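Dropping the structures in below, format is structure tokens.
Below, chain A partners chain B and then partners chain C, in two separate complexes.
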Partner chain A sequence: MAVVTQAAPAGHEEDKELLISGSEAVAEALTLADLDVVTAYPIRPYDTVMQAIAKKISGGQLVAEYIVAEGEHSQFEIVKHASTVGARVFCGSSGVGWMYAMECLVVTPPLRVPMVALVGNRALDDPGAFGVEHNDALVVRDVGWLLCWIDTSQEALDTTLIAYRVAEDRRVFLPLAISADGAFLTHSQALTMVPPKSKVDQFLPRYNRGDLLLHPDNPITVAPQANEDWVIEIRRQNNEAMARAVGVIEEAYADFRRVFGRGPENPWFEEYMTDDAEVILVGMGTISLPIKVAIREMRAKGRKVGLVRLRWFRPFPTEKLVAALSKASALGIIDRDYSFGSPFGSGVVANEIRAALYNADRRPPLLSFICGLGGREVTLEDVYKATDLCYAAAKAGKSDPKTHWLGVRE
Partner chain B sequence: MAETTTFSNATQILEPFRGVKRVTIEEYFTSGHRTCQGCESALVMKLMVKASGPRTIVLGSTGCMYVANTTYYTTPWVVPWMHTQLGSSGSAALGTAAGLKALMRKGKMKSEPINVIAFCGDGGGADMGLGAISATLTHKEYNSLILLYDNESYANTDIQLSGMTPYGANTTFSPPGKVKRLIHTRWKKNMAGLMAAGHPECRYVATVCASYAVEMMNKVRRALTIGGPTFIHSLDPCPKGWDYDPMLSHELGELAIETGIFPLYEVEDGQVKYYGKTKAIVEGRARKPVREYLLKQGRFAHFLEEDLEYFQAKVDEMWEKWEIPAVVPFRRLDATKAALAPK
Partner chain C sequence: MAALICEVVYRGIFQKNLAARITRGIVLSARKSGRWGIAFGRYGDSPQRNGIPAKDFAIVADTKEELEQNMARYEPKHVDVTIAVDDTLSKGVESWAWYGLQPINRLTVPNGTLLMTSLQSFDSLLKDIHKKDAPYKLALLRAKASFSGLWVYREDHTEVRILGALAKIAPAFLTLDGVGEAIREMEWGSDLKVESAKKAHGRLETREVTMTEGNAEIPYSFEMPKWWEMREGVTIPAIPVGKPKESGKGYVPERNPYFKKFTTRTMRPVIDFDTCVKCTLCWIQCPDSCFDVMPDGTYDANMEACCGCGVCEAVCPVEHCITMVNESVFDDNASQWEMWRKDKGGYKTWMTSKIGDKNATVRSHGFRFRGQYEKELETNLDAGGVEITAGIPGENAQHKTV
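Let's turn to the complex of A and B:
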């Protein structure tokens, strides 16, 4: 019998290239990941992902229980419970919406629920503002959420697939929040390679709740009252899961590169022109764009400046980051967040890096900057000013620990 | 194939028990809890899962039926059980049912009807969790039962008043004093009526009292087999919070019904059906005076005659003025009533 047509063998299907926003890229990844339960509630800017998912559901590309909740508290509780019976789940929020769900956010890690959430970073009320600030996602930095920041639509898609692989790994079983800067990424379109399902299936196994499955065939009691008898052991287990996540993340990125033929070798942070850099600037998210443009301008004038864009905040890549940063003559940490009353009044990232460097053999002068709050544009002038201050500190061999606010009306 | 928004809601087949001797012997809530002597809510838990059987998942929101009931290493639950947050009974039921449904319709889990029951106390259900319960009762694609065990206070945290605490009761948040005899002057929420009237697609709402155990279990069975989200409100006498001898729990449950303070009824597809002594009251039997119920409880020991009279008048109103007695507190204007009356 003559073979007239032949389906392409699995693994040989091509990626397709789409012009999509960060939120739409996440929705593409969720479709490929065969999501089971998703809950939506409106708040800008993250909700564009739910609009994109709703179209996937109504169009039939994605078969999932799609529930519009009556508030973020329920939104997160519904998927938390769906996950305990074995469903792959997705959720998300922004700003004060994320805060409204706070109770549900803190119970998810000790329950070892591998929920994946998108935080469309947004300034907290009051006063109302739609623009980006990182304080919303950062509030869960101490309670067991894996936290990462993304920069492009491609990274949004790829990181979503990696997120399920990492969170649902039995060695981890922790929730994971992907942070995307409101408007700058959630709403901005870019060409994005969307892989075929066959490749995703090679990379991402089915979620297996294992012996934690809540089902009549496995009649366990989950989260009984433990008090001082056991709580500290449970916290310790959470801490160990977070520590194990380091290796699991590295495995996942390596495997991602093997299957998809793209993605970074270093999962933890992107280094831009740092090889010979005298001054290294550090930031998270889409702030990389103005910084990279400024670096190119400054390098044309002979200033050796580089950028470290931090992807993973929890687990915090302490050793790798110290190795990358301690070689510079001065560091400038640009926070798109604040931490009022903190040491030196610095932002969260600056103080984390200060702590990470404490035991380093070489500690370059470190300057702390707060910039771009409420979604204010980070300008080239802001970056030049930060760099000038870093060079002055490098020359002096020390830095004043005070925090500099950039681009603020005085 | 195109899908509609309605799916078949297959449920288990759970026939009503025809008398106490036909109730199954198996227990799914056993030893291991540390509830108070005379705790009626613990009995409600036991009867609830006895009625539902083993293919059931139970979600318990914070409250005494969590803290006193489910201690690590000594769980009384034979069926799978999970804690949920104080205001999350609605979301827990919905999320569990949605997770099961997704996995079964996509062939990722063996397809079978599994009962999903979420319980909440009066604080968790009628105060904090009201919004989530309300939302769940509109999601008709997902089968679940939300059972509110109402012991009329935040009994786990030291007996503080809730929106379900009766008028005037002494709680640690409403202690009677020399200047203010009554701190708590709000009338109790009408939860079952609220749920039934507010959710036209919720097919089953009922009130129960464990003093009438077989009726209670059969209402649980009806709630689990009718399809879609359902709601049951259980009145649970609480020796600690109500301040009475633990041996009186059963009797106080009966008195709550006989005085007409708590009516036993169900609303199935919009039809109200009264039960037991409540039915007798509707059919004309005299209600016992509320003082017979109130004065057996230390939480009303500070009541003066005027307080008893006020309480009695409010209960009389439920029966004499409400459009559907003791269920829906609407009153028609007389003119409207006349116009609507059959000619």
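Let's turn to the complex of A and C:
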């Protein structure tokens, strides 16, 4: 197993403040988590993470197997196998690279492999583009991956530690993808608190594969072929693991706050000025920044607008989200993704929230927006426009289900 | 009867195309009397696996609604006619997909018909066919099993003979004229085949079977685990390491307790332990690891694990040391080596009678020499078209051709 060569001195150590990108923050967390095996195949923007890990290894701060694969498919296969023999693994990709690994991505949850992956969100080809869209990570939303979105370098570091704690919990044993907006997060350097190893050791136990360990002393066959007599039972097990993840995630965040003295009370989503909000906007990832600024501008003019930034998409925090959103007069869901031909042509998040609200006692008018695709800037004006439409729907007491595209040349 | 439900139990790969032709023929024949119908197979891997019992079904009904009512199930739970085109299936059905052993007549309705092609007598077959808690009819067409391969089909008229027999069993659904008309229109049909169907219609032998008749063995079965009882992560425990046979000598591997393979065989190896040179080849080459190592260093084919593929016979360097013999001449799955150890003279007599049975040592599938097919067609199909040959072409067929 990997050994951190830097001796971890006993006693009370303080966090260090570093100016690092989201990708570098992930590498810091992986070093602290004493990663065993990482695979690499370059694709922007994920490649910044593999570069940062390579530096950690070459600098002697991390001892881990660093395997350069010949493509994403092999990249994910390698870590899948390494995880079954008990290694703590990391992998990642972006856009169509993530798609190329799709076969391995779908086999990972039924095999209950707690791989942690970073998806540097990138628009799917074509056109070949580098900017952020969330469609890449969202393709695994139905197959048993835990899926969350992060917003800052600090959250990148903290969530990576939490990810291992959750995924490697025996009650869960599911792969976990951390989604980070390409460029805005992966390439932007921000001041980040890096905790000492001693704190991490208090928070993160070693990975114990237990009775599923592939080892000569525990002879098992993994992934035999099966017919219809077995498949639905296996799916049922997966569903149970996903349901159990809810409690495990809440436990992990509570423990994180206890050990590190920071982190959100509510793991599932961030609420910004929602207490008295008439209109609540909802989004995932770095889109929160222009929305928060716009909210402050609008509040100065007397408009009570708030933001819910969704962190966890799988498991989806249905009850909590319904409680937070159903009190508003109108909702504006801003998707940085698309789902062509979906109900009302809305984005994925909007349709999930519509479904979640279906049985709510109070269902505010819900407007769906698609914006910022391919890394297009989400401007304050876009947010103002969305808010105006939400207020009009609140006044009318109902909403036109059609989806609004913002920031498109027309 | 407003609907006629038939199942065809067949051997994976070897009879895949034959079974499909029979079920297709049933539907098209019944269509001639204005019936609606569907022909389908149980989806799974069994049809693709050598010798594994598999099933095709044909349902014909008076109306589309009655047809749908019977199609709503994944596979029929009761059938009016069970058709088996290899008489070694009389020992039961254990497919790759259904666990445990199903008697061949399990789905046959009370007073329904089990239709088989066989050269055996009724009594001989009833030693193998399990007892049923209701009377039924056993109908026999005289023929040997019609085996071919993955893509090919053996033109020995078996499919039309079955259709002709069905016209006798269920004339309300399949008339002999309708069968003839359908055969003529079939891409594989011909006037000669229509004649074969008519002959089979006339020659079908039928006998009532009472509840007291049949093999009294209770077929082995097991209960499928609940989802929360199953291991997570699509993992199964490895088969544990085996043990010495006795007194620290020999080796018997542990085997999958849920998959016995008793019914996947059409032939089994009969071993002459006196001539065995202990070369290990059968033990190494067996794709199912069916050989147990005996304390004296010889190898005993364990019938729980033998699929009857015949590789052992092909690789054995000693002439007549391993001989494949048709499954129908065996009454149990007991160890040959134990029989030999207890009574060498008795074993010799038993073994000689088995490997000396010219009918039983004919290879159940494949042709043994060029021109065999033409020769078989010349012979009377009711006698099974039997040509006495044995062995594997290119390997040891010349030695074993009688």
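Descriptive notes on the structure:
By our rule, the second predicted complex is superposed on the first by the 399 of 410 C-alpha atoms of A that agree within 3 Å, B and C clash if a C-alpha of one lies under 4 Å from a C-alpha of the other, contacts with A are read in each partner's own complex, and residues count from 1 in each chain.
Note that contacts are C-beta pairs under 8 Å (C-beta built on N, C-alpha and C of every residue); 3 or more make two chains touch, one makes a residue touch a chain.
These figures come from a predicted structure and were not determined experimentally.
Residue by residue along chain A, chain B and chain C are tallied for touches, and B comes out ahead.
Shared-chain residue A:D276: touches no atom of chain B or chain C.
When the shared chain is aligned, chain B comes close enough to touch A:A82, but chain C does not.
By the touch criterion defined above, A:E410 reaches neither chain B nor chain C.
In the superposition on chain A, contact is made by A:H215 with chain B only, not with chain C.
In the superposition on chain A, contact is made by A:E228 with chain C only, not with chain B.
When the two complexes are overlaid on their common chain A, residue A:P110 makes contact with chain C while staying clear of chain B. Judged by the touch definition given at the top, the superposed model places A:S74 against chain B, while chain C stays out of reach. Common to the chain B and chain C contact sets on chain A are residues 219-227, 229-230.
Listed in rising order, the residues of chain B touching chain A in the complex are 2-3, 54-57, 59, 66-67, 70-73, 75, 77-85, 87-88, 90-92, 94-96, 98-103, 105-106, 108-109, 114, 131-132, 134-135, 139. Residues of chain A touching chain B in their complex: 34, 36-37, 60, 63-65, 67, 69-71, 73-74, 77-87, 89, 103-104, 107, 206, 214-216, 218-227, 229-230. Only residues 43-45, 96-97, 99, 224-228, 230-238, 240 of chain C touch chain A when the two sit together in their complex. Residues of chain A that touch chain C in their complex: 110-113, 173, 211-212, 219-230, 232-234, 236-237, 240-241.
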